[in-house]
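First, the structure itself, so that you have it in front of you.
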Amino acid sequence: AAGLTAGAAARAGTPDPLITEIQPWAQVFGDGVDATPYGLPIEYESDVIRRNVEWLTADTTSSINFTPIHALDGTITPQGCAFERHHSGAIELRKQDYRLMVNGLVDTPLVFTYDDLERFPRENHVYFCECAANTGMEWAGAQLNGAQFTHGMIHNMEYTGVSLRTILNEAGLGAAGDLADKWVYVEGADASSNGRSIPMEKALDDVLVAFKANGEALRKEHGYPVRLVVPGWEGNLWVKWLRRIEVMDGPVESREETSKYTDTLEDGTSRKWTWVMDAKSVITSPSPQAPITHGHGSLVITGLAWSGHGAITRVDVSKDGGVTWETARLAKPGEKMALTRFYLDTEWNGEEMLLQARAMDETGYVQPTKDQLREVRGENSIYHNNCIQTWHVMPNGEAENVEVS
Amino acid sequence: AAGLTAGAAARAGTPDPLITEIQPWAQVFGDGVDATPYGLPIEYESDVIRRNVEWLTADTTSSINFTPIHALDGTITPQGCAFERHHSGAIELRKQDYRLMVNGLVDTPLVFTYDDLERFPRENHVYFCECAANTGMEWAGAQLNGAQFTHGMIHNMEYTGVSLRTILNEAGLGAAGDLADKWVYVEGADASSNGRSIPMEKALDDVLVAFKANGEALRKEHGYPVRLVVPGWEGNLWVKWLRRIEVMDGPVESREETSKYTDTLEDGTSRKWTWVMDAKSVITSPSPQAPITHGHGSLVITGLAWSGHGAITRVDVSKDGGVTWETARLAKPGEKMALTRFYLDTEWNGEEMLLQARAMDETGYVQPTKDQLREVRGENSIYHNNCIQTWHVMPNGEAENVEVS
Amino acid sequence: VLTTEALANGKLGLGREALPEEIAAWDVDIRPDGQGLPVGSGSVADGEMLFSDNCAACHGEFAEGVDNWPELAGGEGTLADEDPVKTVGSYWPYLSTAWDYVHRSMPYGSAQTLTDDEVYAIVAYILYSNFLVEDDFVLSNENFLDVEMPNADGFIIDDRAEAEYAQWRTEPCMSDCKDSVEITMRASVLNVTPEDEASADTGEAEVVQVAAAAEPAVD
Amino acid sequence: VLTTEALANGKLGLGREALPEEIAAWDVDIRPDGQGLPVGSGSVADGEMLFSDNCAACHGEFAEGVDNWPELAGGEGTLADEDPVKTVGSYWPYLSTAWDYVHRSMPYGSAQTLTDDEVYAIVAYILYSNFLVEDDFVLSNENFLDVEMPNADGFIIDDRAEAEYAQWRTEPCMSDCKDSVEITMRASVLNVTPEDEASADTGEAEVVQVAAAAEPAVD
């Protein structure tokens, strides 16, 4: 199809049998309303799934898979294809067996059942969750050929839950004294008992103890029945199967905040406590897994932008690897710590393109190039690679992950 | 549990073995990241499904099922449990086999492929879709015992699609002359070829030709690959498997807009062209399928409100069948033609309650009582029953669908 | 040519011109004034046989309906009753709707299998079943608009704005809104809510009956 | 009592007081200053045997790592190299982290099966494998803080605000932003992207090797 102009396609001379002949689906029954009490995508969309990369990890229970962002549009990520990261697999934990302990520097250490949590005032918010290692395989060069693999450690859902502030207040923070130097340690119920330390200021700000995502219960793989939601901060802090919250006078410096999720700089020193996910964007289509197949003429370039610092205010798109830029259209005004969808309604006539997107957030932060990042950090940071991504679109409409000068 | 105070529950004397004994899920692996390329809800949530009511219809291919709204929170409805209404079953229509025709009073009649549609500028919007028959079984009295059955013909999704305006413009409306008295007829590709007439003013306003819902492709049962989205207007107009759009100088007066979706008044005359869904609300919990099981003390009352006229501005809740009212908390400011979640954070100590919710929208419309509706319409309208719903909550926490004086 | 002209008008030049054969295949809707009707005809007598073969299993030999399947005849004068019976004869304002729907959507499960003349004949028979024509009647594109539909004047355009909105857009009462409240009806009296697969199945016969009294309706 | 007091403070009186035994069961995190460490001890010699039985299958007899499973020893002085090797010895700033993690999360697949003394012994062995203690060393809660971790001073607190934000919060260039653009690297050179189940499986051996060169890392 590539190479045909829309005009040529329009001059088809013979009637289309899909129109002139009565098709089976226009005559006989489809499925009844009892066919799928809980439905899945249609079989023709079977490629829109989470994928994992076998060679990344020793096994699949401490591993990751990737959201098929190249095939999605809008901003909400369905739970069914939202990426998963486990450190000991996705566990099955019944609501009846769920307990949440709050202890440490609180007035009264407490234990909550799942039912207790549903009795606190609830909030609803849409937030993105990005793994700090998203795009981490790309530090040393273009490696994985698809937006799903380079940028798919992210999802965006509407959460329902209780403010962590409310939960802490129920236990009482009087015993903590001055809150300025206090921390909250959060820990999961799975065998990895992943635990992270969060400064009190963030804990009392916008953190949620969530039990629903996109209207329904959290999925098993996202921490059913209860996970933490830490808006704008790296996904590892979003502890799943949350079982314990401890108020402390310092951080635990657990394995997940020392051995991992620290960012080694060129000189061998490492940054720690790099919690915020900086502003970032990626073009989801066209992209290596979503080539242009429709020929020349009108083309929609689209992608996602987000920032852990707040709302996205602008996204620019370049077709020439960063020499010139056009400002894209945001589908809606950016919302704090949530995915923003952008579109560039444009035209393509078979010319090669080096597609890039560049996000800006409400703090004025401008997404950097990979070279800018490398200059400050070297190539061994692993985490927080929020560089501008380049797709090379070829005359046949196919696209490849590349780096440019 | 009902009858225990929270304080009493707090004085449990023996340590909970779920805490003091190491549980299996804290020792061994859960599922790996290759377990569910596309996931479903955890087995413990197997009751959160669409349900149909066998006696309502002669068979299941022209029938309806209901969203489990009693078990959902937030505002987004997952596609997997979003209600379905078919007139000839849910068909399987591949994107390659999809054609959309625009004909009638247009400058150039056109045929689009699915790929063509993805080349127009796209929009993203969250809208509710309510069947005009939602709550229709309740006109003559309290009948179905659960919010899922009384109010579950509704869902709320983030749609991605092309404005119908854009599509019509592509075919050219010059030939239509004065647009004030023109109509657009829309028709589906299934065997019912459900067709409806929409006045041009609405067609050029906010109607979408949509292909994604909640980020991913429409599900088969919601019209894959393309459906119409008609914000605020009755669900029957949201034609699924959309195959044809004709610009006309009058309505077709098809079966779905004469025999059905007309509202018969007490004197036997019937209203036609009743497209807008008036402001409405329902308490989803507590409700007959979501009784209070947690005993006395703190209680969260929650529900949904929506209006086809625009944004919800306020929801009031009554515990005494409408004698006194309290204004509930909206989780977010209402958005036009989208579901709004409300909460009343309150206390319950075993007293009987007659729970009601009353929605107000930005036009000042106040949701009426069933008696108010009956006074104007009688009991045979079938459609557009947006009355205030009453749940009778009993001392044991169970709830029943009732009518009150 | 589409592209040049279209792009000149700020269009995108997408899609292709629909061919006449294609429009003819899909543009088959029939309008109240007869627009869209093909040339053809069919008699009540032919219609009776065709209806018996293709339709009666669901709609009954006399179009009176079988079980929960729709009735197409009867119900004259019931629209203001407690339980209106709405059929082609008693309710439908336009005959075009019947021709259009039978032609496009019926028989259920084998839609679009009838010829135009067969549709004329079947619609003639439905009219006959409703006592609207004699047994020797032949319906055709020429006499189509002569048929008078009894409820043609039975519809008004949505008047909620005047009849309802005006009176309900008021500041709502917040306290002492009524003197007393009594429960006047309970869902458990009818007991027609599906509980689980098992109970719904066993209770079916009884349920349909009771529910009919409470007018279940979904459309 | 919880309820009265709690409600008085604007609390909801939800949950119940955690019992000491319960807190003891779950509050087992260990802090850099040794807070949380139980009384106990374990020798390198015992640790060697325990490690061989419980850990070596994945982490190697000398904690050097097997295949893709993590190495726990070695890598001293590599942090500024092109390919740093990060282990307990070369990278971890606090010994408490090792004790805490082994105690709570290892052995992988049978977490929380080790006694406190076994954990002391295993951690002693990991130190030994990293040449940080002698073979006769016995680790205990008493000498725990005496162990010096080589990279203890290797961390700085997130300085992005100063090192990056300040320079990147500028008005971005819109045109003529560079003189020329060349493609400097292509994903197809490495060819490590999974395409479908079949190709991913057959290419696995080769893939791991090449990918290692490009530093795949997920954490």
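Observations, loosely collected:
Order of writing sets the chain letters: A, B, C and D. Residues in each chain are counted from 1.
The criterion applied here is as follows: contacts are C-beta pairs under 8 Å (C-beta built on N, C-alpha and C of every residue); 3 or more make two chains touch, one makes a residue touch a chain.
Here the structure is a predicted model, which means the values were calculated and not measured.
Within the list B-D, B-C or A-D, A-C finds its counterpart interface, over half of the contact pairs alike by residue number, in B-D. Centre-to-centre, using mean CA coordinates, chain A is 27 Å away from chain B.
Distance between chain B and chain C, defined via averaged C-alpha coordinates, is recorded as 23 Å. Separating the CA-averaged centres of chain B and chain D is a span of 47 Å. Of all residues in chain C, those that touch two or more other chains are 2, 12, 14-17, 22, 26, 109, 111-112. Multi-chain contact residues of chain B, defined as those touching 2 or more other chains: 16, 19, 26-29, 51-52, 63-64, 88, 101, 111, 116, 119-120, 191, 193, 297-298.
Chains touching one another form the pairs A-B, A-C, A-D, B-C, B-D. Those residues of chain C that touch chain B in the shared complex are 2, 6, 9-12, 14-18, 22-23, 26-27, 29-33, 58, 67-70, 79-84, 86, 88, 91-94, 96-97, 100-101, 104-105, 108-109, 111-112, 154-160, 163-165, 168-170, 172-178, 180-188, 190, 192-194, 200-201, 204, 207-208, 211, 214-219. The touching residues of chain D, when paired with chain B in their complex, are 1-4, 12-17, 19, 21-22, 25-26, 109-113. On chain B, the positions that touch chain A within their shared complex are 16, 18-19, 23, 25-45, 48-52, 59-61, 63-65, 71-81, 84-86, 88-95, 97, 99, 101, 111, 115-116, 118-124, 158-160, 189-191, 193, 211-212, 214-217, 219-221, 224, 241, 293-294, 297-300, 302, 329, 331-332, 341, 343, 345. The part of chain A that touches chain D in the complex is made up of residues 51-58, 62-64, 87-88, 101-104, 108-113, 116, 119-120, 131-133, 136-137, 139-146, 149, 169-172, 185, 187, 191-193, 195, 243-244, 246, 248, 250, 252-255, 258-262, 264, 266-276, 278, 288, 316, 320-325, 354, 358, 360, 363-366, 368, 372, 376, 379-380, 382-383, 392, 400-405. The part of chain B that touches chain D in the complex is made up of residues 5-7, 9-12, 14-16, 19-22, 26-29, 297-298.
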